[in-house]
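Mind looking over this structure? Questions follow.
By written order: A, B, C and D. Residues from 1 in each chain.
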C-alpha cells in the first residue's frame, strides 16, 4: 500500500529538523503536524510530545527527519539524520528531503516493508500530500464522520480515511498554541494563529457571556411561566391561542431564545452552528421589525391606516352584496332554481348585514388597536406579519362562514347524488366488500329514489354556483395568508450565519477535499496538493435550515382538488397557508 | 423429423396427437387438415309467426310510451281533466291488480312472500310521496328552457326503450335503469304541466303505465297468449287513435313503425338466415348452455 | 507521460481522451468535448434577433429589441456557466480515492472526490437513454452498513457520453489500479 | 468450442431418445435470435414460461438469444437472467392487461437500435395478444430481417371483435416467414384466421419441465378427496362452470374438498358460492400463485379439474398429470391432442357433464383402478421436453434463415394483394411511412455509430468464454447489476 505523507504547506520553508506527527497505520498515512528544529534535546522533545498527547488524545510521535538543503549538502548532516532514527525509533522512519530548487523533493521510508511487489522502487511507494494546516484545522467535514459524543479513542477508530486526518489535526490544536516567539525548550515550526489581541477580545466576550446568559434565561423562564399559567389555558382562550398565528410565532421565538441563552455550552459544532443561526435570524428579525416600527410611528401613518381600514372592510362587504345580487338574478344566463336561489341569497345577505354592523361597532377603537399592534413590531418583523395575517383572517371572517355553508350544502348534494345515481343504475355500494354490487330494489324504493334524484339534479347548479364563488373568495384570502406565512417561515428558517460563513470563509464548511497533482518527474515521489472542497449553497441551506414553526402541507395538489370538488372542508389557517409552497 | 422420406408417410398414418413423435415434418399438412371445420351449426330456423308473436313485446312498449306522451299532451293542452285521468287510472290499476291475482293464482305471492299489506303500503307510498313532492316538481324546472326538457325526456324515453327487458339476455338489458329513465322523463314532463295537481297525476300515471302494466303483460303472455295478442292489438290501436287525434303524420309514421317492427323485421330476419356463413370448429370458445344463476340466487 | 487519443461519443461527435500516468498509482483521464462552435452561436443569436425584429416591426415597441439582446446575453452566460461542459476528468489515485472534475466552459469547476474506502467497484453498465441503449462507466459505492451491498451508483463522463471503446480503455486501467489496491489492502 | 463438446454427449443421448431420424442431422449454423413479447417475467403465464424455457434451451445449444419486453412498474432497463439471458425492459406505455399501446411507429427507434447493436438475424414474436410483438414483426420486415411468430391462443369467428382482430392478424402475418402453433387445432385456427399457406405453419407443442412437477403421494390425505383447480379466474377459463360444480359435488360427497389457486375478476362469484353454501372449510381460495408454488399445490390433490372454455395447448393439465393427478378436463380446443385417453377424462363444457366426469374419476379413485402417481409421472415426462421443443424450433430457424427477404416493392405488392384492397392499401402506406422513418433514423444515428453489444450468450458469449480477469469481473458486474 502506498505510504502517504501529509505535509503542512507552512513547513515547506522551515529549516531541517524532526518531523512530529501521527502515524495512521490502517491507511498507512503519516500526518505531519510540525517540525522540531535543531538543536534540541531528545528528552525535552519526548516530554513535549507526551504532554501534548495527554491533553489531546492523539498518538503523537517523531515520524522522521526533515532536511531542507539551502546550501550544498554536507555529508555529516545526512549521516546525522540517519543516526537519529536510532534515538526515536519509529516504524516507518521517514526521511523527507527538499533540494535547493524547491521543485525537487525526495522521500525515503526505511523500516517499512511495502507489501506490494518487491520489484517496484520504494520511491513510487511514497506520496507527499501538502495540506493547509489552518484550513484543515478550522474546516468541518460534512457529513460529520465521527459521532460527536463518543470518546476520543473510538472517535479515532471510527473516523475513517480523510476524516481521520482532519480529526488528528483538529485534536492536536494544543500543539499550535505555542508561539513562535516564546523561548520554549524546543523550537517548533507550524501554523501560527495571528491576531492575538482579537483572541483576547473573544476570551473577554466568552467570560462575560456566562452571567448575561443566566440573567436572560431567568427572564425567559419567567415569561414562559406566565404564558403557561392556568388562566390562559381555560377552554375558549386556549382554543383561540391555537388558532392565532401570532401566538404560534411568539411561542416559537420564545423556544429559540431559551435555546440560545441556555448557559451550558454547545458540545458539538452542529449545535453551535444552530445557535448562531438562530441568533442571527432573531437579530435580523428584530432589526427589520424596528425599522418597520420607526416607519409606522413616523408622521401619523397609523391614523391613515386606521382611516383606510374601515372603508376597505365596508367596500369588501359592498362588493359581496353586489355579487350576491348578481347571483340571485340569472348569473351568466345559468339555469338556477329561483326559489332556492332566493333563499340562499337572502341568507347570505343577512350575514353581510350583520358583518357591516359589527365593523361599524368596531370602527372607533381600530386606531388604538392598530397602534398597539404596531408596538408589537419591536418583537420582530415576523410577529408583526403574523399579526397582520390574523387581522386579515378576522376581517374576512364572513367569507369563511359563507365558504363553510356553501361547502356543507354542496357536499350534502354530491353525496346524495352519487348514491342515488347508483340506485338509478340499479347498483348499490357494498360496505363489507368495499365495492359496487348489483342489487334488485323494490318498486317504491326505485320510485322515490328517482324522484329525489331528479330533484337533486335540477337543484345542483344553484348550490354548485354558490359554492364555487365562495370557494374562490376563500382561496384568494388563503393565498394572501399563505404568502405571508411563507415570508415568516423564510425569515424563521433561513440559516443566515452558515450562509455568511460559506460566503466569507468557504473552507469552514467542507463538503470534502479535492486533490491537484503538482508537477512531477520520474523517480521522485508523487506530490499532491489537498484543497478543501466547499459545501454548495443548496446543501448549506438544506443542512442548517432551522425547523420552521408552520406545519407542512398535509395533502398534495391533486388531493386538494379532490377535496374541493367533493366539497369537503379544507381546513383554514395554517395547513392551507403552507399549501402555497 | 424433417429427415424422414415421404415413403414412410403412407404406411404410418398421421394422427392428430401431440404427445407422441410422428415421422412427419412439423409443418406437415395431412388430408385430414381442417376436417372438423363446420359451418352454421347454430343457425336456428325461425318460424315466421312465432317471430311476429315475440315482436309484440316491443310493440307493446312502443305503444305505452306513445300513450304516455299522448296523455301528457292532452293534459298540457288542458283537454283532459286531471281528476278524470286519476279516476280512470285508479280504476284500471285496480282492475289490473285483480286480473293479475287471478292469473297468478297466488303462487307468485307464495314464492316472494309478499303480502297484500305490503302492496297497499307501497301504493300509499307512491301516492303520498308524489303528492308531497308535486309542488316542488312544479317549480323544479321553470328556469330550464322547454326545449331542454323535451330533449331530455325524449332521450330518457329512448333509453327506456333501449334498456327495457324484452326477454333477450343481452348485456345492456337492465329493467331497473329503464324504469328509472322512464320515471325521470315523466318527472321532467310533469314539471311542465300547468298546476301541481297535474304533475302529481302525471307521475302516478307514469308509474302505472311503465311499472305496473308490463308486469301484467308478462303474466298475460305467460298464461293466455291468445288474449295477450288481443290486448296487444287493442292497445296498439288505441295508441294509434290517440296519436291520430294529435297529428295525422305522426300517426302514420308510428303505424308504419309498428308494422315494420311486427311484420317486416321478422321477414328480413328469416331471409337473411340464408346468407349466414359462420365458421365453427374445435377452436371455438364453448358457450355455457345452462344458466348458472340458480347457484347464486 | 501523457498520450492523447480521439474517440467519438454516442451521437458520433468527436471526443478527445487524454491519459496522464503520473505514477503507477495515480492516473488521470480527461475526456474533452469540442468547444462551443462560433457558427452555432451566431446562428442561434441571429435567429433570436431576427424573431425579435419581426415582432418589433409588428408592434412598434423597441423594448422587444433590448429584451432580445438582454435575453441572448443572459442565455449565453447561463449556457456557458451551467450547461456547457468542456472537460470531464477522472483522477484515480491508488489507496486514496477517485476524483471526478467537470469543468464548464466558463471555467467553473465542480469536483467530487470519493474515498477508496467507499468505492466497491468500477464497472461498465448498459442503460436505456432517450431512444438509445448506451454503455456508460459508473462507480459503485459500498453501503456503509452492509459492505456487500451497493448503496449508490455514480456515473462517470455523464455529459460527454463516450462510446464503448473509449470506456473500455478507461475501464481497463481503472481495474488495474483497483486490483492492485485490493491485493495490497487485503494482504497486511 | 470446448463448451459445446462438454455438453455434446447428454444432448446426443436425449436426441436419440427423441427419434432415430435426426441422429445424423447435425446443426450447421448459429443464429442471433430476439424474442419479442409483451408478456414476460415478472408477469406470469404460459407464454412467459415458454419464452424463458425456450431461450434457455437455445442458449444451451449455442445460439445467442435476447428478450425484449416492456417495462414492468419499477423494472426498467436491462437485466440479465440465468446463463446471461439478456432482457430489455423498454419504457413503453402499457394500455390494456399488460399489452402495450401501439402506434406502429413509436417503438421503431428503440427496437431498431437493439436489433442493430445485438446484430439480430431472426425476430421471434410471441402471442397474438401482444401489440409489441406485432410491431416488432412490422419493423423487422421494414429493416429486412427474418421473422418467426408463435401463436399461443385460439380465436372464434363469431363476433365483431374477433373479425377485426383476425384482419389485423392477417396483415401482420402476411409477410412473416414462418409461424409456429402449439397444437394442430391452433394451427387450423391460425391458418383460417390469417389466411395463410399451411406449409409455413409448424406445430411445436409447449413443454413442461418434468423435474419441476414430480408426484408426492404423502402430501395428500387419503381420507378425503381433494380436487385441485389452478387457473386464472376469468370467464375464458370457465370459472362460472366451476361455480356451478362446487355446490353440486359438495352436496353429494361430504368428504370432498376443493383447492382453487389463481386470481382474477371472477373470484367474486366463487366467494359468493362459498358464502351461500357455507363451504368455507371445504373450498380453499389460495389467490395468486407463484409458478414455483404450483407444484406444492398440485400434489395436495387427487384430481385436477380444468374447466377452460378454450385452450390452444393446456399446460396445466400436463403439469397436473406429471404430478400424478387424475385429470378431468373440458373437451375444447387442443386439449384432446395433449394427453392420451387413458390419462384424461374429457367432458363437454357443461356443469352436468363435468360433474359426471368428476364422479367417474372419484369412483375410479375409490376402486383403486387408477395407476399410481409414479407410473403416470414416468409416462408423462417422456411426452414434452424443452430440449425437443428447442430442436424443432431450431429447424424452423434454419429453414427461415435460408429464405430471401422480400424487397420493399414486393412486400407492398404482397400486402395489397394479400389483405384485401382497403386494409392492404392502408397498411402498405403505413409500411412506406415506417420505411421513411427508418431512413430518417439511419440518417440521425448511422449504424456505424451504434456500439455492438458484448453478447453474454451464444458461441462467443462473455458468459461461456474465459475473459481476462478484470474484463470478466466487469462483465459479471454488468450481469449482477440490478437497476
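Points to keep in mind about this one:
Rule of thumb we're sticking to: contacts are C-beta pairs under 8 Å (C-beta built on N, C-alpha and C of every residue); 3 or more make two chains touch, one makes a residue touch a chain.
Not measured: the values here are computed from a predicted model.
Chains that touch both subunit C and subunit D: there are none. Per-pair counts of C-beta contacts peak for the chains B-D.
Subunit A and subunit B have CA centres that are 71 Å apart. Chain centres here are Cα averages; for subunit A and subunit C they lie 31 Å apart. Chain centres here are Cα means. That of subunit A falls 56 Å from that of subunit D. The residues of subunit C never reach two or more other chains; the list is empty. Shown here, the protein chains touch around one cycle, each chain meeting exactly two partners.
Pairwise chain contacts present here: A-B, A-C, B-D, C-D [touch as defined]. Within the complex, the subunit A residues that touch subunit B are 330, 335-339, 423-426, 440-444, 446-451, 453-455, 458-459.
Partner subunit C is touched in their complex by these residues of subunit D: 76-78, 88, 90-91, 109-110, 113-114, 117, 445-446, 449, 451-454, 469-471, 473-474, 477-478, 481, 483. The touching residues of subunit C, counted against subunit A in their complex, run 20, 22-26, 28, 91, 93-97, 99, 101, 111-113, 115-117, 180, 183-185, 187-188. Subunit B meets subunit A in the complex at residues 122, 125-126, 129-130, 133, 136-137, 139-145, 148, 174-177, 179-180, 183-184, 187-188, 203, 207, 211.
Within the complex formed with subunit D, the residues of subunit B that make contact are 1-4, 16-21, 23, 25-27, 29, 33-34, 36-37, 278-290, 292, 295-296.
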